[in-house]
Amino acid sequence: MTSDMIDFSTIFDRRESAVRSYCRGMPAMFQSASGSELKDADGRSWIDFLAGCSSLNYGHNDPDMKAALIDHIAGDGIAHGLDLHTGAKGSFLAAFERHILAPRDMDHRVMFTGPTGANAVEAAMKIARKVTGRTNIIAFTNGFHGVTAGALAATGNSYHRGGAGMMLNGVTRMPYDGYIAGQSDTADYLEAMLDDRSSGLDAPAAIILETVQGEGGLNVARPEWVRRIAKLAKKHGALLIIDDIQAGCGRCGTFFSFEEMGVTPDIVTMAKSLSGFGLPMALVLVRPEYDVFEPAEHNGTFRGNTHAFVTARVAIEKFWADETFQNELTQKSDLIHDALSDLAALIPGAKLKGRGLMQGVDVGSGKLAGDICARAYEKGLVIETSGNEDQVVKVLAPLTTSPETFGQGFDILLEAARETLTETTNIAAE
Amino acid sequence: MTSDMIDFSTIFDRRESAVRSYCRGMPAMFQSASGSELKDADGRSWIDFLAGCSSLNYGHNDPDMKAALIDHIAGDGIAHGLDLHTGAKGSFLAAFERHILAPRDMDHRVMFTGPTGANAVEAAMKIARKVTGRTNIIAFTNGFHGVTAGALAATGNSYHRGGAGMMLNGVTRMPYDGYIAGQSDTADYLEAMLDDRSSGLDAPAAIILETVQGEGGLNVARPEWVRRIAKLAKKHGALLIIDDIQAGCGRCGTFFSFEEMGVTPDIVTMAKSLSGFGLPMALVLVRPEYDVFEPAEHNGTFRGNTHAFVTARVAIEKFWADETFQNELTQKSDLIHDALSDLAALIPGAKLKGRGLMQGVDVGSGKLAGDICARAYEKGLVIETSGNEDQVVKVLAPLTTSPETFGQGFDILLEAARETLTETTNIAAE
Amino acid sequence: MTSDMIDFSTIFDRRESAVRSYCRGMPAMFQSASGSELKDADGRSWIDFLAGCSSLNYGHNDPDMKAALIDHIAGDGIAHGLDLHTGAKGSFLAAFERHILAPRDMDHRVMFTGPTGANAVEAAMKIARKVTGRTNIIAFTNGFHGVTAGALAATGNSYHRGGAGMMLNGVTRMPYDGYIAGQSDTADYLEAMLDDRSSGLDAPAAIILETVQGEGGLNVARPEWVRRIAKLAKKHGALLIIDDIQAGCGRCGTFFSFEEMGVTPDIVTMAKSLSGFGLPMALVLVRPEYDVFEPAEHNGTFRGNTHAFVTARVAIEKFWADETFQNELTQKSDLIHDALSDLAALIPGAKLKGRGLMQGVDVGSGKLAGDICARAYEKGLVIETSGNEDQVVKVLAPLTTSPETFGQGFDILLEAARETLTETTNIAAE
Amino acid sequence: MTSDMIDFSTIFDRRESAVRSYCRGMPAMFQSASGSELKDADGRSWIDFLAGCSSLNYGHNDPDMKAALIDHIAGDGIAHGLDLHTGAKGSFLAAFERHILAPRDMDHRVMFTGPTGANAVEAAMKIARKVTGRTNIIAFTNGFHGVTAGALAATGNSYHRGGAGMMLNGVTRMPYDGYIAGQSDTADYLEAMLDDRSSGLDAPAAIILETVQGEGGLNVARPEWVRRIAKLAKKHGALLIIDDIQAGCGRCGTFFSFEEMGVTPDIVTMAKSLSGFGLPMALVLVRPEYDVFEPAEHNGTFRGNTHAFVTARVAIEKFWADETFQNELTQKSDLIHDALSDLAALIPGAKLKGRGLMQGVDVGSGKLAGDICARAYEKGLVIETSGNEDQVVKVLAPLTTSPETFGQGFDILLEAARETLTETTNIAAE
């Protein structure tokens, strides 16, 4: 190590781009991590309710993945394999077929894209356009699908969209399920516009949606709404793309977020927790009849991140070979729901959001949510906000977090909330 | 390992997308690799003159990087760090500042993007548009910058462009240096159009170029042309972006491909060999005055691939702390030039292309180049083509390849060429 | 005349593009016209309930305009004046100021564009984008604004949109007032998306709307909805553009269609009946603070169609100098409403549409509406359909049509409807 | 007339948009015109070397067209006919077929578009995209094709392009013939890029060009260049569109500007002088096999400007029924060339530009050209500049201008030039 040479107090300020973000509110120098615990260079530790924004669903440095990865590296296993056949890729594919696809009756093909969620979304959008010969893709309010130009067109957030510096084309925006509380089904509106040949809604290549909008504020689509959207897509010759990058890999209580909804998407995008270990990896699942790319028509240097194949294979075999893990998730989901109900009860007007292990509380203002998370960080809990006004305190703990650790985390969170509210009240009273 | 459960002969056909490419011509099941050697599951070995398309400039599984990475993993080092401060990132930044930026008088900021080259290019284009408030970006014939929608607009290849399924906007195409042999400087044309307010060339946000076009066929820009482009960019208020994803990290004989050209780009994009180990990593270097993104305005889950920071730091310290490595590259460049001259001498009309360790031979047809590479593969050499007709046999060996291994590789290549030519002649004679 | 040389039976088939349309259902060779009457070469006559799609609001060949125009031509008055000052233009401007703008407290500037409605819309959209520095323009379902690329992006009709052969950008579509019967105010949805910074609705440069959608099927916006849209535009920094090309010039009972709504648009587009005589003329009214085009920044050869200025001046002075004409329109509106109620009563499920002298009946199917119009044509009435399925029989008679002629026209229309329905019933009964 | 009510000194300032342009340098109140003479309200007269920017090729108020038009109006002829059959349209079509199309072996269909050149260009571009299923259209440096969004994308002028307020898509720019003096044929570059599948030039739907660039500065394409472009278009499956809006209708000495070049365009756009009288009229000529629009797929209220059909028919019959007129044009072209040579001789570095009756002198600076034209105006000659820096003094006199009037006009022009030069020299000498 050369840390003796580095002035750690200034290197980031001196050299890292101003685009950096999480480190501003959580300025510790993180060094190691295990399970649901993060440690900094000084040995201070935090419970992790962020989990790399759902990229560490199985916790940090899972011992089995870690062992397999070290074995692989020590044995000079391929690290970078382009899209060549490697044993590691073959093993991953076989495990993914056996434990994920086959039991769910999915005959989808697996496309390894550049290892970012945005790249998977870009590939999915391209496939849909190629299959249909159409350009328009329907996306929803508050959706988040990445920040490269194609994916960004589908992302709702104006802060990110503004970063493009140009018009973002090819996407039509529709209201997500329940967009205006108390109003009728937003699918009515989509249906009316699709059926009306003078609506100005161009015939869609695809409809892309998240079943739970992670960045958008943990908005949940009802299964009947998703089914209706799926039916509309089919009727109008559009592909249904479910972006399961944040909500998939068990986050909603099942491997795919849509499993219990009675729909089979034409395309699924996955990334984040796919490698199990936090390593960059992404894929697109596509029905065989829509697997239309010619060789390398969509490519990318790192589409064969072999280290990730190794850990991803272990993750699938360890957690998804039987129902044990999934059953635990149901219990944890309830645990989270109860704890967050307690939190919500503290705050007038607060609303529970999300489902599964992707729940949170809309506390009504981004300021309050931010203050609660900042105070939690000081007390040893890493947790973040989401939503269009950052008004939702969002729990994205590793799915492997033990009930005890959940308890400790929630104790911190509630204490942080109480203190924040007291202080706010005191300030208001002065 | 679960390989006993897998029918390796069919898993890829059964489940991997038809988009897979390299594995079609090189169908071995690769298993391990070291230095410039690749091995398959049956123990057969190949010399690697592809190096993950220049992503493995220091060879496979460099022992020092390997040791550091295993140490890191074994010690539960952070694997996935979002954009939090980590020791691994701090160490990388410090090494990069000390050995790369400072000695070259570059005060650029380092932006870690999603870990693919395309993502770095997308970020660079967005920065230029944000800085200038302009949309148009000038790119060149035969340029390759990635296949996500923003980057793809700058990529010349119609095969990749066609994959978009939509109009690609925001980029104007200009002829690269020497585009039409024997004609006057293509920069004349760019200058005339920039100076002419009725040319229809919208004021550019940036000019993006590769100093050597790797995918485009190893076309080399003359230093004086690059300087002239840099001057035109400055005069017309555009940023100069050098895409050093394939040509950088020593590939041209110096760390950056443009070092000896007398230009300092406003923005540099890097990826491929940046991590040193083949792990996904990308960054954008940007002059401080253009480091204009707000926090997380451009983001991405895997922008903190900490494993890559670990190996990248070792790569910088091991190879770029002094001049030793760079000096060796000069000699290897000559060696490659000599060997390829021998190859070119076999083929009427063949032309040497490229520079540094990024050289090749334009053999006049994609068919011939492909046949030579296929035969080389059979004889134990992994090598690929590039160019708009795939007509260039391209040597992208690890920079660390020993002279002996180079010799063996070139022996195979020349033999493959001779046999291919003989067979072709025989067929023609029949 | 050279008609002796022409084979009139085939010249159109032989030489006119297949794009021709109205002449297919109304194949007569029209020769002359006066007031509300059209005559063909054989002396057959029709009552005109189409009025050049509302371009002949004062009837054909109004005697006062005709006299003024002949005087002008006979006296070698300027025919084509670019944007030079001409007496004819000055006189028109003065009359327009005195009788139209000043009494309505509108200090708008008058921009003469190329003499088509589409050109006025293109100019309006460009102004809004220039004023705001934004690109996005909000348009509504079933809106029709022209078929040139900029305007076509705002037009809803997929048949016209498909003619573009390319992606149409820069416009977001929202549901028009009452888009889904029985559902809540569509402005709620627009408001929610404008207020939500993650909705994906980019900040708008303008909101463009027709108060009655002529081509879209005589859909009428309620005044309170228009006021709410106007307020939302103002709140969010967008300009309000009212496209009064078809609904203006008295068609809705007042000179502008929006007069009694309590809104003053930032921009108004006018064309069709503006010249009064059916001559090509278009203009954009723009608030002085938004009159931002530099000299000739938007131009066009025929923006000074001086013949049209002559007749347009007469039209303003003859019909809008006092309230007489407007008062007659109120009575005629009632007359039309009563007659169309009789028509609607014949057809189960039929609905009255529109307002003022822009009313019709939605007969439930394009087939039925087309059959009624075809039969009316055979009986001496020129009338057309509109709507997304062409399901609305639309009355667009000259505003100057006498009650007697209205009576004759409606007699024909009802007879045509009765016969069509009888025949349809008979066919169904067989 | 109501001029007594108008304060003519201020009505334009008070009410006309700031976009007005020609009237700024030529502020007279024009009232009447005949042949090549313009008169203002005070009886002052000017020789017209502008001719409505080539919209008045047969002069103002041609007596035969005038008589026919007055007859038509007096007889209650149709003024506005949508796209119905009218006698006037039939007669025009027959004359156009007989005297223009048939003798030139052109079997093109005639599409009447909205009566502006921009609208014809928009329609032409849409046809090419529909025919080919491609989007990209190749246009040239310094081309001018209109300012509506679709056409503006093909227009080179940055002043006009900037007015769009948005990215203009769907067009690739190439250098016009002789773009850089002394360099090799610009068609080489177009050919290379079309042949190169990695050039980034998307397969074109069409190539659009003017044979003489009127607004662009009277740049002339050589016949052999046009032939080569035509060949490239054919080879690459693109339609050749010749925009003959300014250069057609005899302006270059023959009816079409391309007649003697050995090419037959797939599409021709016409407007400006088509009606012969300065009335708004435009059309698209399209080969029958490309006449692919469905009925009304491209439409427009004023596509049946019947007054224009009347005068256009007379223009065709009077001037193009035999060779007399065309022969005169050859002589006038020489006359203009001689006079402009005299002008050019006065100014060091001046260059003759253009051909036929579309000639001018590049005087080297926009300031000088503007000063000469301003002084000419004061002396009784209306004349304008063109070019990317407005550096070309452009003669666009009516084609019917007599040699005597040409003489008088050129006398004024030369005197204006001499005085301007003297004054400039004096100022410089002070």
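To keep things simple, chains are lettered A, B, C and D as they appear, and every chain counts its residues starting from 1.
As a convention for this text, contacts are C-beta pairs under 8 Å (C-beta built on N, C-alpha and C of every residue); 3 or more make two chains touch, one makes a residue touch a chain.
Predicted model, so just to flag it, every value in this text is computed and none were measured.
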item: Distance-maximising chain from chain C - centres being C-alpha averages; value: B
item: Pair exhibiting more inter-chain C-beta contacts, B-D or B-C; value: B-D
item: Whole-Å gap separating chain B and chain C, where each centre is the average of the chain's CA atoms; value: 58
item: Distance between chain centroids, defined by C-alpha means - chain B, chain D (Å); value: 49
item: Multi-partner residues of chain D (at least 2 other chains); value: 135, 159, 166-167, 169-170
item: Chain-level touch network, classified as line, ring, star, complete or other; value: complete
item: Touch list for chain B against partner chain C, complex; value: 166-167
item: Complex interface listing, chain B residues touching chain A; value: 1-3, 5-8, 11-12, 14-24, 26-34, 38, 41, 50, 52-53, 55-56, 60-61, 66, 69-70, 73-87, 89-91, 93-98, 101, 109-112, 114-119, 122, 125-126, 128-130, 133, 135, 146-151, 153, 159-160, 162-167, 169-170, 205, 271-272, 277-280, 284, 286, 291-302, 305, 307, 313, 317
item: Residue ranges of chain D touching chain B (in the complex, touch as defined); value: 135-136, 139-143, 154-159, 161, 167-173, 175, 179-180, 183-184, 188-189, 192-193, 196-203, 216-217, 387-389
